[in-house]
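All chains are identified by letter, namely A, B, C, D, E and F, in their written order; residue positions are counted from 1 within each chain.
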Amino acid sequence: MYFHVQKFINDIAEDEPNPAAANALQEGLGGQFGEMRTMMQYLFQAMNFRGPAAKPYRDLIQGIGTEEISHVELIGTTISRLLDGSPQYQGKKSDPIDKPGAGGAIPLNIALSESNIHHYLVGAQGALPVDSAGNPWSGSYVYNSGNLVLDLLYNLMLESTGRLQKCRVYEMTDNKTARSTLAYLIVRDQAHENAYAKALETLGVNWSATLPIPKTNAERFPEVKKLVDMGLQSKQYSFDLAGQSEAGRIFQGASPSNDGTTLDASEQAPEGVPSVIAPERFEEFAPGVDAELLKLIQATAELELAEVENLFGPTAASPSSAAKPSTAAAKK
Amino acid sequence: MYFHVQKFINDIAEDEPNPAAANALQEGLGGQFGEMRTMMQYLFQAMNFRGPAAKPYRDLIQGIGTEEISHVELIGTTISRLLDGSPQYQGKKSDPIDKPGAGGAIPLNIALSESNIHHYLVGAQGALPVDSAGNPWSGSYVYNSGNLVLDLLYNLMLESTGRLQKCRVYEMTDNKTARSTLAYLIVRDQAHENAYAKALETLGVNWSATLPIPKTNAERFPEVKKLVDMGLQSKQYSFDLAGQSEAGRIFQGASPSNDGTTLDASEQAPEGVPSVIAPERFEEFAPGVDAELLKLIQATAELELAEVENLFGPTAASPSSAAKPSTAAAKK
Amino acid sequence: MYFHVQKFINDIAEDEPNPAAANALQEGLGGQFGEMRTMMQYLFQAMNFRGPAAKPYRDLIQGIGTEEISHVELIGTTISRLLDGSPQYQGKKSDPIDKPGAGGAIPLNIALSESNIHHYLVGAQGALPVDSAGNPWSGSYVYNSGNLVLDLLYNLMLESTGRLQKCRVYEMTDNKTARSTLAYLIVRDQAHENAYAKALETLGVNWSATLPIPKTNAERFPEVKKLVDMGLQSKQYSFDLAGQSEAGRIFQGASPSNDGTTLDASEQAPEGVPSVIAPERFEEFAPGVDAELLKLIQATAELELAEVENLFGPTAASPSSAAKPSTAAAKK
Amino acid sequence: MYFHVQKFINDIAEDEPNPAAANALQEGLGGQFGEMRTMMQYLFQAMNFRGPAAKPYRDLIQGIGTEEISHVELIGTTISRLLDGSPQYQGKKSDPIDKPGAGGAIPLNIALSESNIHHYLVGAQGALPVDSAGNPWSGSYVYNSGNLVLDLLYNLMLESTGRLQKCRVYEMTDNKTARSTLAYLIVRDQAHENAYAKALETLGVNWSATLPIPKTNAERFPEVKKLVDMGLQSKQYSFDLAGQSEAGRIFQGASPSNDGTTLDASEQAPEGVPSVIAPERFEEFAPGVDAELLKLIQATAELELAEVENLFGPTAASPSSAAKPSTAAAKK
Amino acid sequence: MYFHVQKFINDIAEDEPNPAAANALQEGLGGQFGEMRTMMQYLFQAMNFRGPAAKPYRDLIQGIGTEEISHVELIGTTISRLLDGSPQYQGKKSDPIDKPGAGGAIPLNIALSESNIHHYLVGAQGALPVDSAGNPWSGSYVYNSGNLVLDLLYNLMLESTGRLQKCRVYEMTDNKTARSTLAYLIVRDQAHENAYAKALETLGVNWSATLPIPKTNAERFPEVKKLVDMGLQSKQYSFDLAGQSEAGRIFQGASPSNDGTTLDASEQAPEGVPSVIAPERFEEFAPGVDAELLKLIQATAELELAEVENLFGPTAASPSSAAKPSTAAAKK
Amino acid sequence: MYFHVQKFINDIAEDEPNPAAANALQEGLGGQFGEMRTMMQYLFQAMNFRGPAAKPYRDLIQGIGTEEISHVELIGTTISRLLDGSPQYQGKKSDPIDKPGAGGAIPLNIALSESNIHHYLVGAQGALPVDSAGNPWSGSYVYNSGNLVLDLLYNLMLESTGRLQKCRVYEMTDNKTARSTLAYLIVRDQAHENAYAKALETLGVNWSATLPIPKTNAERFPEVKKLVDMGLQSKQYSFDLAGQSEAGRIFQGASPSNDGTTLDASEQAPEGVPSVIAPERFEEFAPGVDAELLKLIQATAELELAEVENLFGPTAASPSSAAKPSTAAAKK
């Protein structure tokens, strides 16, 4: 069973809109080696896992799979921000255009020359479940042979390829919004490389000097270096609400990346940053709420607040309240 | 950010293996109107959501989306159980075959005539990310126009179609394992129908007598009736760890299904049932661990237990400990 | 601009339901060489046609393309009839099951072993836009190079392959419903072979003894022989409402099939047979109309009849009227 | 059974070639919510329709489906015109290039930077059965659950999404050729929204202020306003040659768009405009007719005219004749 | 540049037709981990290879890739033999049916219940480029990151998964035709596992006891044991006509499978067995040659023999000649 | 069984990198009418061929199929060369960038605006198995009906369409690297057109003036003219190592292209040109070999040379040796 908290797993830096960078990042979201794939592959491997004696391996896969859902959320939101307002961008992130096409105007003209036209035509300046060449994500990507050594080997290769591709995208753009997420995922992919490499070490493989793949020097990538210096490539969170994960039996000891660090599985999750909701985009008819509908929405949101708070307790939207922990799930 | 607890969202009844039923259930997992699709569609709609004034609608979608991840886990595990041991099934769920193909035997012969051959050939008697006709899940299924009315309308249609298809699968098999999950999802799909129908009601639509779709009489489906009598079709959980969801501002008042119930969004999550790990299947080489590898795995699992518990505290695998709540996530 | 009349282009013989035959016929509907493909290919070739001097070739393609829409309608309806009632078939075409799943029954159990499970699970015992192996129809099938000789050559090959596949399906089943449509389409495919072969003859190719492809002896296929004896393989209709088609400049003279007939393009269309609407299938929740909705439907259909007839004139549903020709389209 | 007349359903305005606009329009032709999809979806829903009591609903779907074939023809031709001559366009629509590649020239160089390269490489400056991102149309798009309420709900959502996407494309280009077809289809999509919304009204749904979707102000789109002022959004044609359609029993009364108009189903079809054939494009080898083949084509077209007219009566190509109505189809 | 000799790389044992086994073998031909994929992946990796210093690695990949083309030929032919004559099989491999469908017969009725219907309907009892669930092979399967370690790691995983799947198919059927090819490919896949594992050893990885994957005991699979006893899992051929391959610098020393053998790259190719051509299948209209066409074919084959032999020298079909080596290619 | 020699089938001219031309050439590699398709189609037709009496037709198809593998190698390598070094190209083909992304640089920025982004992101400036619009190659392209006349007709159409598309690409770029391969393949496609047209001639078809398709004048394409003047369009090689091919019984006599040449099948293969290995691209981490791995690679390549030569005899890499013919294959 899964739970959610209204936070992003990492902060997304502010910068100008950049639809070309947004499109390159789509590979990391909906590509064959992107986050939707790692997420689905690990969820399937965890569901179909065989062998109670090997529970620590299942828990390792399950925990990384849970992290990948948050990565989908992170990179998807990053793509949305890189697209948001791009049609009218003129030196600063623009306000929504409140008269779409008024008088025959062409506020979405940018869609004909930039990025993937579907970002403006099918989506509303938001992320899509496709790769950077526009291919929809496919279930045929998921690998789950049921054989433990093969699944671990594939996962190691998968994380390494994801990291390779993100290093290449890093070399395509210096947009800060794009790079803050790229750098974070490059380092987390290495943590996952370490996890699967270590799991194979427990089964006898010795990686010698071959890891990490690709061999890169963090010094060359300043945004990456900052995170590596914090040791983020050597931590693995459990995302487990009831402390039942045994992944730490594997993710410990010297890093197989031979960087002198020790693997650490002692944290449940990173702290995260509060999530926010994007503004309207009238030129996309998104959310397409006119005055009449807005009044209805506000009625829903405001007038019944008291009643809702009777059920829920005070909510974040209530000026006098703050989000409070809810431990119901874990107590069950 | 997402978290996980090692529980299934609902119990899965015991019954004989049934690969044909397993294959029919694949429609509910990897089909165009199955749980992978609802999950992905709502995660994208939540990520790309526009309009801070409409936060309760975003939270409604986000909460249902989070529930769908648990539904993927539930139906995927149900399929695995329907397949597990089916090749050698002879009146009771069989033990693993410890000599795959020994002496030229054909223990997987069933794969040539039953179910989807990939269940035995590509997977290891486990669920696949495909529909009941074997088509891989596709990102092109995801609908996220960015227009609030359209997205809600589509979601209502999506949940209703999912429910229609599960009612049809119910009519295909009386296997108890299959039906326990089908009945649960039929009722939860109706809860989600109610959620989207109610959201459209707040925008002015009056559904009169058209809901639920399809019109079915729970009395005809005994396993469904039990859950309807408990009112499960009129509850929506938040799955929100910090009490920030405002979905309850929408999901309240009289049910649009006109069944006399009142919608209730006051619970965080259902209680769930502990998850377990499936046994080895030697004939599938899954997990394919021989004596030598097993020794290494046991070393990992046992010898370093003390050290791991220093980091984690006692784990579920430790005889002297029980799973304890961890509230770290919510406190941050 | 296209028009429709509520007739099938050919009669569909009565016989028992046969879901396996239905599935084989899907190749002729949604397969790579089926009617959806010929229809789309010719509509695209007609739309994109170049060279006013070559109008007779465009008109030939346009006319055959229009016929193919009626073939989609014919074979789709044939598939529906082969499926309709099959789950409860017991020696005669069954009534709808008016209590789907009542008391936990499994009226759709047949879906687990017969045909394509999607016929019962995704559709409601109706035709699907897929081939006999379940692959959805794809736009990548359409061939339209713009080069006249190549397009004609491809079309000749396409019709011949369609005919080859229908001859093979003929050899798979002797169900009369299936065969009445198969035999008709085998002969019409030959007419289209003749049309494209003749068009290439006008450009200089001499086919000698190579046509028709495949070489088959109509005597072997009794249902086909009857239609060949009527000369149906040597007629091409224009389906043109205003007599502007010049296809007859090509489709004339000796048949390239060397069967001694003369090609004849003088008829606008075959006579056709009245179409009917299939009965309810409660077990599929199709159309899923309960007592309340039925009352509303009847109100729509009956109470406002007078008012509608003021606009339309008397309609077929009115006891005192008969369908009358409407020549408005042609007169414009 | 279907018929054709050599007319477009609406006029296509003259303007410069514009391959980028052509590509955006591909979404409306071969996209997931484009005209190929509406056409196929409604043809399948009409073929597989269940419930003779509900004939007016079937006829409504059948009539709109027939109209969609003409929309495929209209938008496909519009795309072809936007592409035609674009490679050599220099301020006016260019003549064909009569020496393709002569002396090593690169007359198709534009294909490397504009539009979808397949428009020049696979097609011959003509429309393709793909969307604006180049994905081929897929049969998996077609929705036909067999459940009347669901099918109507989906169709309403489908038409609204098609209209939303066309409004977005409108905002991408002010090319008059593109906009004349976009404006027409925006208004016809609204007519179809009205049709399906009204059908749901007859089953009890009240739409209040939610329609049309998206909420747009025709005043903002001058080309659209002109057609709305003519009431085109509140008419539905039958395209039925024998007056048997009962769609008018549904499509009547106040428009669910709340624009004060009354729905009107009294016309068989719009008047249409004569269609024409595109010129040669030598640089595409389309139709690729050299002097020798041309002589043969002319022989076909001219020398046998008298003989053809003996069969047909005088044709449009004959200087002394005019297209005359042919009512044979309807009389049968 | 590639050459061919009219031999199969291994012998195919005689046994009864078996369409279900044929279909299972399709996974090894057109599946995601089948021979078409290994072939294409290695050809692309060889074409795009970077780093002249690493030529032995390129040559290793190129040589295995060349072998895979012969594997495609071998497994495709095996599938054809398993299908050939299956419709009329009655205890012995049947003759072709010389009157397809005569008198309305249904000689292809088996297609409705066995195997993949496309084997009889689209192909003519021959192999198809699809997997065992009917999915067409896709270019998206090919992995070629350009990073040497990753490409080798993927190739190791690919060969191991191919071997795992073939072991599973082995457990599905005891048909001798199927098993002779399965056993050969299981052993050759292990040779390729060894090749890529050894290549990674030269880069520092130590595999300890993890290979081969899956861990299987050849004693359990009698047909495999025979080949393992011959050491076929430890040989790699170059298939290089001019002795330029340096793959032997890698493929040498102790086997990473730890079976006590030494890797040996000293042979150019296995001896092979002469290939033969399948008989006619009249019921499939394949090759569909009637008396008239046969006379023309024989004229081609016989009458001009002398003239051809003037160019070629005597050919195999000439009674007085035997195939003679031609070394022209290598001499250039 | 297949063999390889380290030569390209034709020379590739030197010119500047050109990613847009590279992308256009992808159609000729992975497109629906490209070399991967011809290769696979002919290999399947040869494997599944029926009718020993028709061996010359099988051998013709087999020989052309073998040539197509070398065409895949040729066009794939051409694409790689057009991409190689393009990111840093500044007037001359650049050296690899030895500090990828150093200090946050964006050496791959070109990927956001040129070509297919996958050329830089998924591949490492190398060819991909996709078409020019980015669609992956599909097994559904392969046509193999088993009917001889149909298969030959399709192959004729296929080669002609391939040639048409290459003529169009020729008109898109004057890059010499691209054109040297395009011109060669245009001429070889014509040779294959001739082969299939001639095969149909032996079955009775007379092509008159319709060939070649498309009608083009070689004089217009200077690079093509040079090869036509050498008669390359009228030669067909056997690529058969043991002289068993009987294709020459068909490929003889007057060319069906009516260009006055005589068809000639007397050569085994063209001479070819030596192949080379591309340089490193550090910015792609390809092959991603750092100092440590390089030392290991060199150890593999150099230190064990003597030992390898004991097995192989001297190799090309050895200064004192030259490639020597190896006739082992043919002698068996």
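Following the convention adopted for this analysis, contacts are C-beta pairs under 8 Å (C-beta built on N, C-alpha and C of every residue); 3 or more make two chains touch, one makes a residue touch a chain.
Just so it is clear, the model here is predicted, and its values are computed rather than measured.
Asks: Could you tell me the least number of steps, going only between chains that touch, from subunit D to subunit E?
Replies: Steps on the shortest route: 2.
Asks: Through how few touching steps can subunit B be joined to subunit C?
Replies: The fewest touching-chain steps linking subunit B to subunit C number 1.
Asks: Can we say the copies subunit C and subunit F touch using the same residue numbers, with more than half in common, or are the two sides different?
Replies: Subunit C vs subunit F: same; shared/all numbers exceeds half.
Asks: Given the pairs A-D, B-C or C-F, which one repeats the contacts seen at B-D for over half of the pairs?
Replies: C-F
Asks: Please work out the Cα centroid separation of subunit C and subunit E, and write it as a whole number of Å.
Replies: For subunit C versus subunit E, the centre distance works out to 41 Å.
Asks: Distance from the CA centroid of subunit A to that of subunit B, rounded to the nearest Å?
Replies: Roughly 22 Å, centre to centre.
Asks: If I count partner chains per residue in subunit C, which residues reach a count of at least 2?
Replies: Where subunit C meets two or more other chains at a single residue, that happens at 32, 122, 130, 134-136, 138, 140, 145, 147, 149-150, 164, 203-204, 209-210, 213-214, 284-285, 288, 292-293.
Asks: Looking only at which chains touch which, which shape fits best: line, ring, star, complete or other?
Replies: Other.
Asks: Judged by the touch rule stated earlier, which pairs of chains are there in contact?
Replies: Pairs satisfying the touch definition: A-B, A-D, A-E, A-F, B-C, B-D, B-E, C-D, C-E, C-F, D-F, E-F.
Asks: State the interface residues of subunit A toward subunit F in the complex, per the touch definition above.
Replies: 20-21, 23-24, 27, 31-32, 131-135, 164-165, 167-174, 209-210, 213-216, 220-223
Asks: Okay, in this complex, where on subunit C does subunit F touch?
Replies: 32, 135, 138, 140, 145, 147, 149-150, 153-154, 156-157, 160-161, 164, 200, 203-210, 213-214
Asks: Okay, in this complex, where on subunit B does subunit E touch?
Replies: Contacts found on subunit B: 99-109, 111-113, 116-118, 120-122, 130, 134-136, 283-285, 288, 290, 292-293.
Asks: Going by the contact rule set out above, which residues of subunit F touch subunit E in the complex?
Replies: The contact residues of subunit F facing subunit E are 1-9, 30, 36, 40, 43-44, 47-58, 62-63, 66, 69-70, 72-73, 76-77, 80, 122-130, 136-140, 142, 144-150, 202-204, 239-246, 248-250, 252, 264-266, 268-272, 276-281, 284-289, 292-294, 296-301, 304-305, 307-308, 311-313, 315-317, 323-332.
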